[in-house]
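Each of the next two complexes has subunit A plus one more chain, namely subunit B in the first and subunit C in the second.
Let's turn to the complex of A and B:
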């Protein structure tokens, strides 16, 4: 079985975020991490491989330096990496990204493609469905459990009450939720072995994609402004014995907690 | 001139930091309070590759450099010094078996040690022999294919928890330093028992205790190296051990500085955060300088060891400076937190209690100064 895990490099969730004049997030190399949501899809891919054998491939679209992020996934145990990188890709929106990933996936070949449920930078969560659309294949989204037997993939998806079971033929795409597993730590050996694993780089030309169909120019999505959300915690402190308890109770009743 | 960890070392540092902060730090206070040895964590440590840092890959180890080792211990000690200590002792013992053991001994112990299943301990000190290690009395008498071991070891880290003990014994009544040998004793050997466990000021999550040998019979195949190699074997671990203690001390000090800095930003007195007062700022600045200098000394000593250069005086400087610094930094951290620093709701009093022992074991700091001074006097004598 050939399993491809799509992985995005995102800024660390705790890194300070700055925006350029074009309202695009400035990405600093030292803040780069694996999109935390993708750790779950990497783990799931490795677990499926442990069960069924085959090959695990990490696919990422990003700057040339994103090989470092791919290596982190290889240190967890994936077999090899593919990076799609091209200057013309800068500013691609979710649909343009999906177009590129779909082309790369076709080129690599797969039985199963795994995604995280969203990326921690933009929280769009559109890429998995858009890739499925480009490929004309089913997407089992928001999986909290995945069973795969070589011909069908079956997932559980949390519903308002209980969960839904959804099944499809493979090849198929699956996006996973954080509750699906507990991602492993890479090991020292994994880190050292990751240096010897191959990461192939593909350009737009390699994928046969016209540069005019991707990148900022071809992206319908435009960021107009960015603002910092400031959360204000309003604490009210009631001191002493003098009716403090009554005021707390009154507050809780007002908030419909009691 | 190297002043930067390579990519792999940075990756390992980030991984160990994540592991230590998620799996160790949240429990450190409770382990200290309950004197709990976190054996349950050992397999996970093994899975990460941290239980065989000096073990060759053929025996399941990660065969890391000394420099990478310091990066690991600093991170673990930031979460919990006790864990860093027993792990460093374990790795040292596995390293000795890897270096001095024959192939059969390596196969027998190393894979399980590296996997985090078999825990190692090191027994040199005795009631009458601490700094003066060559004066040990514990006796191993040869009897056919066996040794019969009698005596008591003191101050053994992981006593009662470990599965294999590298024990320094006297195999020759007469010869002082040359009569010392190293035997590997497994925990359930008849005639071997655990005596008193110490009630310590700090380092509560790392048990320290007594080993008692009463006509304890061991096959001679448990001898590491040859008879008389014992002192050489324990001396060979000294530089590395000291460097690791320096790294651990740097980690505790860093943890203390991190808490102090945050506290100084938040705590308000006289209408200002206390970090706005120069008196506090200067303390923080001195703490930071001591930590940076410690780290560089530790890196330098480890780097020299990795390069195969003479490292002994550098290891002694790193151990001595970093542990003295850690004591000063953790004491200042308690001062900066004031009353909060003295109570157990905050971790700095634990850091201070833990840091103290690092000035004492693995060669007391007086001994380190002797080592450094000797290297100076010696070299001056040579030049003249």
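Let's turn to the complex of A and C:
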């Protein structure tokens, strides 16, 4: 079975974030991590491989330096990496990103494609469904459990109360929630081995994509300005258990909600 | 045509989700400002009842497509129906909810028809014929003003509760649209999880005094409309801790919220989750119990009127955006607070 895990390089969640003059998020190399949501799809791919055998491939679109991020996923245990990188891709929106990933997936070939449910920077959560549309395949989205038997993929899908089961035939695309598993830490051996693993690079020309259909110019939306949101909060601290309940009650009464 | 604004309703198992009314209200308002007409699209079962509710929020037309195929398959039948409608009528703007359903449907539509899409929108305005959107970024610390560029229909994904429901009264003209056939290669909904063991599924264990602890019944609508929300996180330690804040919520007549950590731990259903991957709420008072206050949680409650935080860790991030903070033991403070609230309400 050929399993492809799509990952995104994002700034660390604790990194200070600001916009550049072009109104794009400034991405600093030293802050770059694997999108935390994607650690769960990488883990799920590795678990499916442990069950069914086959090959695990990490696919990412990003700057040339994103090979470092792919290497981190390889250290967790994936077999090889593919990076789609091209100067014309800068500023691509979610739909353009999906177009590129779909083309790369077709070139790589797959039985199962795994995504995190969203990326921690933009929080769109729309790339997996758009990739599925470009490939003409169903998407099992927001999975909290995945069973795959070679012909059918079945998930438990988070619902308002409890779960639904949803299934489709393979090849299939699945996006996973954080509750699906507990991602492993790379072992020292894994880190050493990752340095010898292959990472192939593909350009837009390799994928047969016109540069005019991606990048900032093809984006359907643009940012005009940004401003800091400041809310004045009272910031009162009450230390200790004694009298705390009374203080809260008095506060609620002051605010006329009790 | 060129200035029409639509809302995509969310219907599941014949039940209209409350975000549909928020979207319909905003579609009616924007279409009025832009000088176009407004419509809602209702796909699923029991669409006649949905059409009445949507019409009451001011939309002039409801495109209603009745069919069980919408409940039987994820996303694909909805995209078929909606793509045909958009190509036929070419509205300027279609409003979606930033929910699992809305994200999946809008992404496919954008890919299929080459439409511009903006998501996580917190507010939208039409001025002199131009549409601008406010999108919160970086955990709600910045507000980015966005505009669409290019031609054609545009898709706008709104955060839940970004728009108010405005029941202006009214009756929409209902236009029936045939439901598509089942997709040959689709994501089929095989059934609800745990049907056989449903009675056991919500059972979380036994309290020290021997009584059973059950997962609280979901009450999503109440959460979004509640004046007070009592919300719990990992700091509660387990389902027993959660049962304590459920009692507090009941005493206050408050909605019950939860952080992702508490939902993932299985202490409370997803319907209660507040934050970036859950609901966005704006109560008068938000009481965070044992919630560290990660940016993902803040994104769902940071605009609450007043925030009360109860946490034993005075270095938790929640103590950077709070009004009243109690640094104490939840197991002591929460039961005392419940008793004090009951006493005050009784007197």
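The rule is short, and it goes like this: the second predicted complex is superposed on the first by the 229 of 258 C-alpha atoms of A that agree within 3 Å, B and C clash if a C-alpha of one lies under 4 Å from a C-alpha of the other, contacts with A are read in each partner's own complex, and residues count from 1 in each chain.
As a working rule, a residue touches a chain if its C-beta (ideal position, glycine included) is under 8 Å from a C-beta of that chain, and two chains touch if they have at least 3 such contacts.
Bear in mind the structure is a predicted one, so any value in this text is a computation, not a measurement.
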Q: Applying the touch criterion given at the start, work out whether A:75 contacts subunit B, subunit C, both or neither, answering first, second, both or neither.
A: first
Q: Check whether A:53 is in contact with subunit B, with subunit C, with both or with neither, and answer first, second, both or neither.
A: neither
Q: Could you tell me if A:233 is touching subunit B, subunit C, both of them or neither one (first, second, both, neither)?
A: second
Q.
After the superposition on A, what does A:212 contact: first (subunit B), second (subunit C), both or neither?
A. neither
Q: Of the two partners subunit B and subunit C, indicate the one touching more residues belonging to subunit A.
A: C
Q | Partner chain(s) touched by A:255 [first = subunit B, second = subunit C, both, neither] | A | second
**Q.** Contacts of A:185 with subunit B and subunit C, given as first, second, both or neither
**A.** first
Q.
Output the subunit A positions appearing in both contact lists, the one against subunit B and the one against subunit C.
A. none
Q | Residues of subunit B that touch subunit A when the two form their complex | A | 7-8, 11-12, 15, 18-19, 47-50, 53, 57, 62, 64
Q | Residue ranges of subunit A in contact with subunit C within the complex | A | 13, 17, 19, 23, 93-95, 98-99, 117-118, 122-130, 132-134, 137-142, 154, 156-169, 178-179, 219-229, 231, 233-241, 244-249, 251-253, 255, 257-258
Q: In the complex, go through subunit A and note every residue touching subunit B.
A: 68, 71-72, 75, 185-192, 195
Q | subunit A-touching residues of subunit C, taken from the complex the two chains share | A | 74-76, 79, 98, 100, 103-108, 110-112, 114-120, 132, 136-138, 140-150, 154, 157, 183, 185-194, 201, 218, 220, 227-228, 252, 260, 263-264, 269-271, 276-277, 284-285, 287, 295, 302-303, 305-308, 310, 314, 319, 321-329, 332-333, 336-337, 339-341, 344-345
